[in-house]
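After the structure tokens below, expect a handful of questions from me.
Each chain gets a letter, A, B, C, D and E, in the order it is written, and its residues are counted from 1.
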């Protein structure tokens, strides 16, 4: 029986953030499940919902805010699995600026990732009562590029970082953890769900597709489980798949270690509806000029696939 | 008189420009018989070039009628009835002298072997044998002008239209080419329409001289030039020659205004 | 004889080009007294322009000596000793005719009010009154050339260098300007060095005619032209005139080769 | 030729000297901060040495860039994904494909415009407007849209490169095809030459200088286009991917070496076009 | 006749658009598109071939643009292309209208601040260095070959570096614009200053004119056509440069900022509205420079003869 084709679109460039999928691929877990999986790397300019709408992928890795936004824009994505339980997003500040608590942020310059990733930040600021429109009583916001340069070059007091990536670039830039103040969005109660697996709603009416996705999710979660237990080997597999040849082994090992802390492989990737509700509430309370979603979505997740995977 | 090669009736041409219309030709009546050598002479801007261009179908008359070999100028042009020599040589810089002279033959689909032979013969006629492989800019102005004459002769048109072909040449070279042209004309019986600024040149070459005057461009005089077919250079010092020259000069002066 | 305006001794000039050196002038010896009208005549490429440019310090001689008003050509140029009329009009297309004629006065720092008055007077002299506000391209070739002559006269230089100034003009206009130039020369006592291709023009205008020959460019004959200061156009039919013209023609023909 | 060598070398030397000064000046704060955090107080010479040897400088010193270039081209097998040669090749192939398509389209457009007057009036303003559209903004959309049509790999990148490089070619060739003067065109008319004959024997040869000027600009544009197209193509491989990855991981040296490689690539290609131009000019008369 | 044709084409497209919004599709759609497009091509051909000056000359490009928009609308709606791939012109128009204040803010930030400042500085610096190179032959021969080398550096490469150097606000975007516009101006000005004829130079030499006088009276006027070529090429270039530079870090306003962030949020209608602003601003900028060119180089043959 020939293997069935599945194309997976990642959210970002090849790195340990996606180790589970590369491991499942490299260790033949997909093949064993009767699947021929193609993994396409992403990048800062790649919007996975656009890719899936253009029929260039069967399933995508996406953050929930962007996935919900695409639902409102006519691309009805549905979450079929959620390997990442916790958010790795944080705001990292230079301690010498005197920032100790969220209240110290008033009047500071902050680097923020936009492109749909700004909503947790906006929700947080709304909760703190800090305007983000540049008034002196609030904070000054910069659209942060792909790296942490604004912090190293003192153009910003704080920048956005992921626990598993940019934070370590700050450390590599010559800072010790003691010289940094770190706010985790999870700790501030404004975390949103990150890397989940999404498919187009229309295809879920096809039982064969649901079954195929079930096998895909199960194999992927096995991959994640293996990666969590063998971080160094998993980092090696990621490096083997890096076409740009720009990643370093040390950085990927460290990243794999941090990623492992965000995972929840016990439920087979089952989404916790409470996490979902918290994400929606955070997004709806964020305000901003162009809200990412204007009303609570319906039908944005399903357990049908994880159930089929058992 | 045989059927005229060129027959113009009340020919007129108005250029429309931004500043308003410019009357370049007005009420031109002219018959040219086969084998004639006609010179057009007149002050700058009187419409000599324009008249030649109308004959060649490079400009469309806005009034009157004109026939070339009994047909419209366009039909005559498509039938390749005439050869045209412009005031400047207009050689293509990326072609050798031979290549330039062969160009009309190429356009007209004449077989390759014949092309080269005919072009070489014409180059010899204008004293350019040995310069076939040179490029135009390797020749002096006079030589370039001669090459352009060879090019116009290459496909042996029965009618030659020449617009101040010898304007840029010094007196000695000019005399020489005048003699050559006269010989060619006598030998082949071509019809020639020739524009010039030089009175002696016009008198030396022509069977008839057409004097034009500007604003609007019209024919003021047509002077017969019956010096016979055999004209050595020395004829220019004879009283008959000087008399005709004087008549042309007077005709010219009459139509002249210094502000042109 | 007063101190010569131009004194050339064994003057020579070699251009170094890619194909090797080109001897443009060789062993030129020439004295020009104040108030003389000297014509340079000779076949194309014999070095007439080059000689004029050496006098004007637009080219540096590679051998021999030359003095202009007893100084080096450079000193003479910096002292604005001469006016130069080029073969082409070289008018600036972004300036009106008046603006073009005022250009040298502007460069030489003459007050604004005086500039316009002097330029207008010169334009009147060459029959261009009424065309002050036109741009060069709105004028015919002949009018442009006259404007460039007015420009050279505007700052009243004592020495005029003119390189085929009347080459592009028709016979009538040319005759007219020849007369004007002769009048101006007689009235102001300027020294003129004049290049031409036309033998009658050279004889009509000059006190002396310098005949040159190419390869290498050298002076082959200097012909006195003692027709007196008063020269109506009709003088061109007199035997004295024709005799000088014949001498020039022979001198020219001697140095001529057809392949130039 | 040799007359140009000394001035170019001098200006190069001046630029390199300026660059070193700039490197010291721009990296000073970085080093000073790091030293202060470490509690050290180095002397001037040590400071300068450190500013020129930063692993992640604000502005790397020239020798650092050269060393990085050397390391990533010469010390690795060219097939390795870490070899800059490999990435240069990926970019080069897309750039050349795009260049070919863009030049073909630009020339065809110019031919059509020269022969159909209505086309110039109606289409030309839109072509100008099209060049004011930021390609980088459209690149991701183009790549996805083309992907939806089943086109992927080299082709989308080449199309973006072609989009950037057809414009200078088209503009130049319209000028070039109209370069023959009126007299030459009249001459062809007196022989009642066909449009095709006028094109092949007159317009085309007369347009060659414009063609080469346009080709050179287009070549540089094609390289830029290929690099731009690599950013959203998933940062897989190519100089664009290296730039992006370098930027993403704050690897200044990697950015600069990719940049230097890109400049080297374009300069070489443009130089080759210059040689071709000379060869053609020599065939068309050795004056040039 | 032309008016009739225009009427017919307009009616045809209006009907077609109404039909597709009502759910027309399949073979009928293609037949309608083919008929309307044929009619429109004929119309554009007629308009383009008719002589026209000034405003009348705009009829052809406007008609062509309208036809492209209409076809776009019909095909996108008729084939039900998802908005995230390509929004319909009607959707873009509606969003444009709603987002007008936002678009204006972005326009001020990107165009009025970064583009204009960078354009003026870049063109000015290129011009100044060209003047210097014209006086110092050594510089000219040394700079020009390097110029083509540096001009080959991709903007996308230098933009992150300049953001790193000049900060997040419009200054770093202006720096990118300077880098992009500098070399075209330098190269063109150097060529332009060399364009004055030898005869004209000799004329001024015969007047013993100073170098300054020669520059002001001859070389600069003669260089104007070249200067304007650079100014025209640089106009759209400057805009693209500023927008692209914003992709690499910016404050939370600007055309490039909006395009990337909204594209990631799949608000493609807003992205396209921003692209429309860019295309219109770029074309208008180009048009203004072209008008100035016509006025300043009225004497040049290419302008004189239309």
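Everything that follows uses one rule, which is that a contact is a pair of C-beta atoms (placed from the backbone, for glycine too) under 8 Å apart; a residue touches a chain by one contact, two chains touch by 3 or more.
This is a predicted model, so every value here is computed, not measured.
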Common touching chains of chain E and chain D = A
Ask   = From chain A, what is the lowest number of touch steps before chain E is reached?
value = 1
Smallest number of contact steps required from chain C to reach chain D = 2
Inquiry  = Let me spell it out: compute each chain's centre from its C-alpha atoms, then which one is farthest from chain C's centre?
reply    = A
Remark   = dist(centroid_CA(chain B), centroid_CA(chain E)) in Å evaluates to 49
Remark   = In whole angstrom, the CA-centroid distance of chain A from chain B equals 84
Query = Just curious, how far off is chain E from chain C if you go by their C-alpha centres, in Å?
reply = 51
Query = Of all the residues in chain A, which ones touch at least 2 other chains?
reply = 45, 47, 50, 54, 145-146, 149, 153
Request  = Pull out every residue in chain E that's touching 2 or more other chains.
outcome  = 85, 160, 164, 248, 260, 263, 268
Query = Multi-chain contacts in chain B: which residues touch at least two other chains?
reply = none
Inquiry  = Which pairs of chains touch each other in this structure?
reply    = A-D, A-E, B-C, B-D, C-E, D-E
Request  = Could you please specify the touching residues of chain C with respect to chain B in the complex?
outcome  = 43-45, 127-128, 130-131, 140-143, 168-173, 176, 197-199, 237, 242, 249, 252-253, 256, 258-260
Query = Within the complex, which stretch of chain A touches chain D?
reply = 13, 40-47, 50-51, 54-56, 145-149, 152-154, 169, 172-176, 179, 242-247, 251
Key: Contact footprint of chain D on chain B as seen in their complex   = 53, 56-58, 77-78, 80, 82-84, 86, 88, 90, 92-94, 103-104, 106-108, 135, 137, 155
Complex contact set, residues of chain E against chain A = 82-85, 102, 160, 163-164, 167-168, 246, 248-252, 257, 260-268, 270
Task = Enumerate the contact residues on chain E facing chain D in the complex.
result = 44-49, 57, 60-61, 63-65, 68, 85-86, 138-143, 145-146, 148-158, 160-161, 164-165, 236, 239-240, 243-244, 247-248, 256, 259-260, 263, 268, 271, 274-275, 278-283, 285-286
